[in-house]
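Notes to accompany the following structure.
We call the chains A, B, C and D, going by the order they appear; numbering starts again at 1 in every chain.
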C-alpha cells in the first residue's frame, strides 16, 4: 500500500496565470507535507447544466498551459476528455486522461484514451454499481493499457442528491484491481440542485474525504480555488485553497493508520 | 391532446433484411390499429456493458437502410446519435435524432443535433430529476430548434435497478413544454445486472406502459424483436413482435380515457 | 378479477359529526357510481412528525362512532391499530384492521390483529421490497387468518421523498396471493418535508391512482376531506371531497379496461 | 469531544451464561484498551423477517440477567424496547433504553422511554433524513429527558440494501445536539435479502466503522458473537468476538486523530 496521493486543482482552467498560480501553491503545500501531487484542471466543461454557462478555455488554448505547468513545476497533470478525437492531442501534454462519470460507458472514448498509453482515470457513473466498474476497466485493459485508476464520486440517491457509499471503495479495489481514488468534490454535488446550475455543500468535503481515507484509498481528489464563491463552475463544492494544507495533513494522518504504517 | 403515438423497432439494426421485416410488420400492425408509428433502431450501441458485445451495423451501412425504410414503407424513422459528428449525416436519412440518456447533458452533442433541424428526442438521464430536463431542452430550443421530445426511461434506484416515477411524466410536460414519451423497454432494464451485460424484466413492459399511458403521454417507446431471446442486445427487455398488437390496442384504450375522448 | 373497490375517508376522525358527514357523502358518491366503499379514518395518529401535533379523538371516543357509521350507513369501516392491545376492542366495531407501514414487521401487532378474525390490511413499509411482503403476510396467515390485504404506499427514494414503483403491484399480488390496494394519498407524501410536519403533493394523487388502476389493483385508497388545507394531518396529500366523484369515475373506466371487462 | 465509546454485545440474549460470557470478554478487552463499554443485547427480537424466527429469552427471563451483568461486571447495559409498557420494568435494570429504527416515530413509545429518566438511544429510521431526527429528539427532550443518543444505522437505498451516508453524522450532531452513535452492524444489513431472513456483509463492518469514526462520532455500536454463523439472528452482520480487540484498537487510533488529540 503506497501512501496517499493528492489530485487537486481548480475545476476549470480559467487562464494561464490562474492555473499557474494555483498549481504553484499546491506544489508548495504538497512539498511541505511530503505527499505526491497530480495537478487537475479542465479545459472544457462539456456537460454544464445550462448551455449558457462558462465552459473553460478550450483545447487549443489549454494545451500549452498544461505543457508549461509540467515543465516549470515538475508536477504531473490530469485533465478530462469528452470525445475520442481529443484523446491523442491531450495525451501529448498531460499524464493522466480522465473519463467523466457520465461518459464512463462510452466505448469509443475509453478505447481512444487507452490507446494513448497514458494513465486513464475513469470516474464511476452516478448510475453504476461499484462491481460494474470491472467491465469499464476491462474495456481499457483489454485495449492494452494496464494503467487505470477508478474514481468514486457518488451514486444517485433520489433526486438532486448523491450519496457516497464507502463500501464501494474496497469493492472497486477488489473487483477491478485498479487503484481507487475518492473524489471528495463531486461527491458533495447536488446535481441540478440550483435550478440552472448544480449546487453542493463544501462543508462535507472534509467529512467524506476523512471517511474515504480511513477506509483506505490510493488517492483523494479535491478541487480547490483561491476564491470558490467566484469560480465559474463547481464553486459550491470546491475547497478554499487556504484550507488545503491542514485538510491534507489530517488526511495523511488517517492514511498512515489505515495503511498500518503508523497505527 | 393528440392521440398516442408509438415508437417501436428492434434495439439494433442487425441487417437490412431484419430491419425491413420488423418495420413492415410494425407498419401493418399500426395501420390496422390506426396509431402513428415511428420506426426505431440503432446503428451503433456505443455504451455496451462490455467492449466485446455486438455494437450493430455501423453508420455507413445503416444509412441506406434507413433511407429505404422511409421510402418504401412511408414511415418516419428514429435513431440515436453518440457524437456531434454523426448528427448531420444521420439527419439526412432519419426524421428524429435521439440523444441517449447517459449523454443528455453533453452540450456539443445537443447543439449539433439541434442544428440539423430534425426533431430531437432526448432521453432523461438515469441520474436526473424530471424538473432538470428543462435545462436540457433549453440547450436545444435556444439553438433554434423547437421540435423536441423528452423521454422518461427510469431513474437510478439503488444499484442495478431503475424505478419509473410516474410523477415525472406530468412534471416534464409542465416544465419543458415538450411532448413526453415513455420508454417502457429501458425502464425495465437492470443496468449491469447480469455481470457482463444488462438484464431486464420483459414482463414489466406492459405494466409500466399501461401506467404511463393512463397518466397521459404523447407516445410510448417499446423495443420489439421477432425473437428477443436471440437478440444481440436488450433481449431481456424487448417485447416479442407477436405480442405488440394486443399490447398496443390496450394502450390505445387507456389513452382514450386518459385524454377524455372516450372516458 | 373483481371490480375496483374504494377505501376512503378523512385522515383523522376529527369529531363524530365530521366523520358522519364525510362518510355520508362518500356513501352517496359511491352509490351513484356503483363502486364498493370501505370508510377509513384514524382514531389516533401515533407517529406524527412532532409530539405537539394533533393525534385524533382517541380509542374510547372513536369506537362508538365507528359503530354508528356502520349501523346507520351500512358501510364497512377500516382503521389502523398501533399496538397489540388495541386489536381486540377495535375489532368489535370495525371490519378491517390496518397495520401502519412503519409497524409492518412488528410480529406481536400482526399476530394480535390476525387473532381478531377481521380482515387485516397491511401497508408495505417504505423500507421494504415488494417481494418481502410475503413474509409479512405469512405472519398473518400462519396465525390462521386468511383475510389479508396488502397496500403499496411508496418506497423511500433519497431523503424526504417516496417513489411509487408500479412493478410492486403485480409483484405483491404474485408473491403474497393477497388482494393489492394502492394508497394514492401516502404515496405522494414527502416525509418530514415541511420541517416539523410531513409535506405532500396532492396534485399527484390522481396521477398515481390512474397509473395503479391501469396496472391492475383490487382497490384504491384515497384520503379525502371537505377542506384539506384545514385538516389537522395529511392535508397536503388529501383530495378535496368535491373532487372525488369525477376522480373515482375515471378510475373505474381505467379499471374496466385493466380487467378486460370493457376493453 | 470525549473519547470514543463502544456499545457492543450479542444481538440476542441467548441464555444467562452466553450473555455473561460475552460481556465478561468485552469487559476484559475494553479494560485492556481503555475504552468505555456499554453492553448491549436484546431480550426480544420483535420484528424478525419471519414469524417462525427465534425471538430471544423474553422480558421476564432477561431482566435478572441484565441486573446480574451490571452488578457483577460493573458495566452499563443497553437493550431495546418495543412498546410503551416495557419501558418502566426494563428501566429498573438497564442504563440505556434503545428505540428500534422502525419505531423511531412512535410517540407513545418515545414518551414512555423518556419518562423513565434513563438515557434513551434512538435509532434513525431507514426511511428518515438525518435532519428529521431533530423532531424525534424533541419528543424525548420535551418530555423532560435530556439524556438522548441518536444512532445512524443506514438509509434505504433501492430494495434490500442500505447505504450509510457519512454526512448524516455531523448533520444529526448539529441538528439534534445529541451525541451520535454509528451502528456498524445494522448498517451492513441487507433487509429481507435472504428470502425469509435479512442478510448482511460482515466484512463491511470495519469499513463503515472506520469511516464513521474518522468523520467523528461519540460512539460506535458493534454486535459481536463468539460464533456469528451459529447465532440465531443477525449472524451475517455480527463481528466475531475474537476480532473485536484489533478492530476497536484501530478505531481508537482514528478517533484520536478525528478529535485532534493525537493528530
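Simple rule for what comes next: contacts are C-beta pairs under 8 Å (C-beta built on N, C-alpha and C of every residue); 3 or more make two chains touch, one makes a residue touch a chain.
Just so it is clear, the model here is predicted, and its values are computed rather than measured.
Common partners of subunit B and subunit C, by the touch rule above, are A, D. With centres computed as the average of Cα coordinates, no chain lies farther from subunit D than B.
Just to note, of C-D and A-D, the chains joined by more C-beta pairs in contact are C-D. For the pair subunit C and subunit D, the distance between mean C-alpha positions equals 33 Å. The mean-CA centres of subunit A and subunit C are about 48 angstrom from one another, to the nearest whole unit. Mean C-alpha position of subunit A lies 36 Å from that of subunit D. For subunit C, residues touching at least two other chains, in rising order: 155, 157, 159.
In terms of inter-chain touching, the protein chains here all touch one another pairwise. Those residues of subunit B lying in contact with subunit A across their complex are 46-52, 55, 82-84, 102-103, 105-108, 110-111, 125-132, 135, 138-139, 142-143, 155-156, 159-160, 191-192, 196.
Every residue of subunit A that touches subunit C in the complex is listed here, in rising order: 157-159, 161.
Across the interface of their complex, subunit B is touched by residues 155, 157, 163-167, 169-170, 188, 201, 204, 207-208, 210-215, 250, 253-254, 257-258, 263 of subunit C.
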